[in-house]
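Have a look at these structures, which come just after this line.
You will see two complexes here that share chain A, one where it goes with chain B and one where it goes with chain C.
The block that comes next holds the complex of A and B.
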């Protein structure tokens, strides 16, 4: 194997692949990235039996072949290289890397021992990359991190015809986003539960590339239990979580509400952040809504206290409701809109936060449901 | 009763004695130490040990004498002497309280109480490991010891579960040995392994996964029906 490649293209490819390598590989070869040159193209691959990632880079190839080297080391080296073309060659049991006057010799691992990457499942359709990335980031924030509830650590994708719904909840909040896509089969009806971290990393990597992301999902055939994403020269596959008993979370959105408030998102985030400084990790911030506006408070009678008043357009009976400040901020920051519309049933029922435009009209597509914290005063 | 003024040796066979007194303390031995007069708690335990406490810290006394040692009480002065001849001298200015109580036989600290309870709870709720899982028995005996739980999965396959509070490498090794033995039994084989714990160390998880053992993190509070006082969506 011998080729010459642009420094930036190589560094990007290796960095992205190395990111998904296991931190504690059970087999040493899994700590490696596989470099394979065929037909003037270099494929950089990484795999940990759960997630696989692969990038294709155009190179000037002198000789085809493959080499397996430590992913972390190669990523660090390529990141530090000067901006000159990189020459890489496999020489015996070593990989020679030359860039300008810098020269590296890396030990290689046996390519035969490296597992075969899973096949991409067949394509189910395509989504605009930027839309996909923003939708995933809006939803993945609500996924749980508690491993005692593995189902909650995933983002549920509901593919129905030309719409995809993304849902995630950790039982304290629930985020739902609906986006349009172009399915291969207009009658498609499929659900998948994807590990939130993998989905988020993938969306973050594919979003900036632009264009379309191909979503690959097998149904009752080879590759079941697997999802694939491809965008630009990158593709990644991940094992799905078992979501057969995913709770019917859509029904958690209240059917009606008794009060609603329109608040400027950036102002409310700032106020909550400021006031929450005196709140302990488990204590809520209190939001008191009335016709005069909104008062945000935190702290107890004995400890430090804070309060701040701000403008809010409120309709309904005056209401005081407590929230986990971080959960509230997470929801507000992911609205992607200047105004937040908060709808309440009462102080003990979940509240819905929806994005709204400058003039207060609700922007459909995203909703964030947040459970209040019981407040005794 | 020895005549007043004469030093008497007191050996408490059972129980603790608590004395609250204004006292000063001098330690004469390898390291000399002096505590100026103040009100303190003196604790004399059944094994003869004496410790002097201030009104802070959970367990660490200001000064103490470990057993075996001997307490000699004279009016206004306690002398605690150990075998090496080191002496803790407590000069009592005023005694406010002097109280003894027999504690009886102590069952000892049951460190694996949670583990045993977890095993019992998981035996009651085998569905924690998957739909259709049923219990065959707890403490299933193998030639090298009992495996915590033997279950059947929905298809009737055997599942051996090792329950730990903290899942570490040792637990995985233990389960591996059981699995190897159990898989030799044609009535049980093939036996799947499940490593269940409240918390599983990353190293243990890697080893377990590499050996085809499934890791399950269990929520003790949820299993025993202890609900946190907080609202959730469902």
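The block that comes next holds the complex of A and C.
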């Protein structure tokens, strides 16, 4: 194997592939990235039996072949290289890398021990890359991080005809986004539970490339339990989580509300951040809404207290409701709109945050449900 | 200055107050075990808790009366009203004991010893009960002082003379020194608090470990920075039951007792609106050594079913050990209680679970008394009546 490649193309490819490599691999070869040159193209691949990622890069190939090297080391090296063409060659049990006057010799691992990457499942349709990236980031924030509840660590994709709903919840908040896409089968009706971290990393990497992202989902036998994403020269596959018993979360959105408030998102985020400085880990920020506007307050168990008043357009009976400040900020920051519409049933029922335009009209497509902190005094 | 107010032989005093025939006579309150003994009985060497048979042997002419928990709860409430009329800074410790901070009252109500004298008179006048008050600059010393001032007394440790009072006391008086630490100290010929104070922190740490060493060093020099805390909430809610020699032996029987205890605990939790995550099973073996087993749930609960399942699992796991060592007490406690009334609620994925039974049972018991409804496994049997407690 011998080829010449542009420094940036190589660094991007290796960085992205290496990011999904396990930090403590079950077998040493899984810490490697596989470099394979065929037909003038370099494929950079990583795999940990859960997630696979692969990038194809155009190179000037002198000789086909493959080599397996430490992913983390190669990523660090390529990141630090000067902006010059990189020459890479497999020499015996080593990889030689030359860039300008810098020269590296890296040990390789046996390619034949490396597992075969799973095939991409067949394509289910395409989504605009930027829309996909923003939708995923809006929803993945609400996914759980507690590995003892695997179902909560996923983002649920509900594919129905030309719309996709993305849903995630960690039991305390729930985010839902609906987007349009172009399915292969206009009658498609499929659900998949994708690990939130993988989905988020993938969407973040594919978004800036632009164009369309192909969503590949196996229906039937081959590649069952697997989902694939492809955009530009990148593709990722991931094993799905078992979502058979995913709770019927859509029904959690209250059918009606008794009060609603329109608040400027950036102002509320700032106020909550400031006031929450005195809140302790388990204590809420309290939002008191009335015709006069909104007062945000917090207090620790010690004597530190804070409060701040701000403008809010409120209709309904005056209401005081407590929230985990971080959950509130997460929801507000992901609205992608200047105004937040908060709707309430009462202080003990889930509140809904929806994005709204400058003039207060609700922008459909995204909703963030947040469960209050019950405060008894 | 801090007051430690402690009712003398509380249950027994209430009995003597309510039945003039008992006054001046040795009185034992309890069933199989002595829960309280009047000072007349204590003179004969009766201690609490002690098996009733043994107490009778020590004091054959004692009058034994069954406990009347409702009367004690009412008396406690009346006494705490006197405390709260004296100062707003009252830290309850148990139903018959509290710390009172009177430092800020010099201008309005006089010097601490004057307040203490007034408090004792007021408790006597309004409730008819004897109370001992210790007065000192720290909580620890105030408690030691009330212990030394008993019965029906007042002991003031004036500022500047704390160490003079403290140092001649035996090491057991130090808060945190139980039989094990006391033995360790006495083995080294350390018998008094003064000696503990002299040997230095480093030596104490070497002897007892970092925490205990530092703690005892500080106490022996009367360093106790704890303030009188008024709003402190209970950290756990529990109940226990001593099992006599003729008590339950088989798993189903102990399980039934545990069920009754859990009933009691979860009902209290629901009344106080406090959910907890950690379930602890308390065991006392045949040789009176103790052990605990605990497990935390994913989600805080106040449901009888959830707490009982966990408690029974713990009991099943400990059963082989119990088989070897015997069982003389079983208890259950729920801790990790929701902090300060702020609870992050969960999204209701499932419709509200079978809370209905708990609510129905609570209502029946509230209306017709706690004995009106019991588990079938407990029919014809009883666990000791629940003792009066501070509000949860």
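Just so it is clear, the second predicted complex is superposed on the first by the 373 of 377 C-alpha atoms of A that agree within 3 Å, B and C clash if a C-alpha of one lies under 4 Å from a C-alpha of the other, contacts with A are read in each partner's own complex, and residues count from 1 in each chain.
Criterion: a residue touches a chain if its C-beta (ideal position, glycine included) is under 8 Å from a C-beta of that chain, and two chains touch if they have at least 3 such contacts.
Note that the coordinates shown come from a computational prediction; the quantities given were computed from them, not determined experimentally.
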- Clash or fit: how do chain B and chain C relate after the overlay on chain A? clash
- A:1 contacts which: chain B (first), chain C (second), both, neither? neither
- Query: So, A:283: does it touch chain B (first), chain C (second), both, or neither?
  - Reply: second
- Which holds for A:371: it touches chain B only (first), chain C only (second), both, or neither? both
- Which superposed partner A:192 touches (first chain B, second chain C, both, neither): neither
- Of the partners chain B and chain C, which touch A:147 in the superposed model: first, second, both, neither? first
- Of the partners chain B and chain C, which touch A:350 in the superposed model: first, second, both, neither? both
- Query: Is A:24 in contact with chain B, with chain C, with both, or with neither (first, second, both, neither)?
  - Reply: first
- Superposition clash, chain C against chain B - the stretch among 6-14, 186-194, 240-248 or 384-392 that is involved: 186-194
- Message: Identify the residues of chain A that lie in both the chain B contact region and the chain C contact region.
- Response: 148-149, 169, 171-174, 247, 249, 252, 348, 350, 369, 371-374
- Which of the residues in chain C end up touching chain A in this complex? 273, 298, 339-350
- Can you check the complex and tell me which residues of chain A touch chain C? 148-149, 169, 171-174, 247-249, 252, 282-284, 301, 322, 324, 348, 350, 369, 371-377
- Task: Enumerate the contact residues on chain A facing chain B in the complex.
- Result: 23-24, 26-27, 146-149, 169, 171-174, 245, 247, 249, 252, 348, 350, 369, 371-374
- Note on the structure: The chain B residues in contact with chain A across the complex are 131, 200, 202-203, 206-207, 209-210, 217-219, 222, 229-234
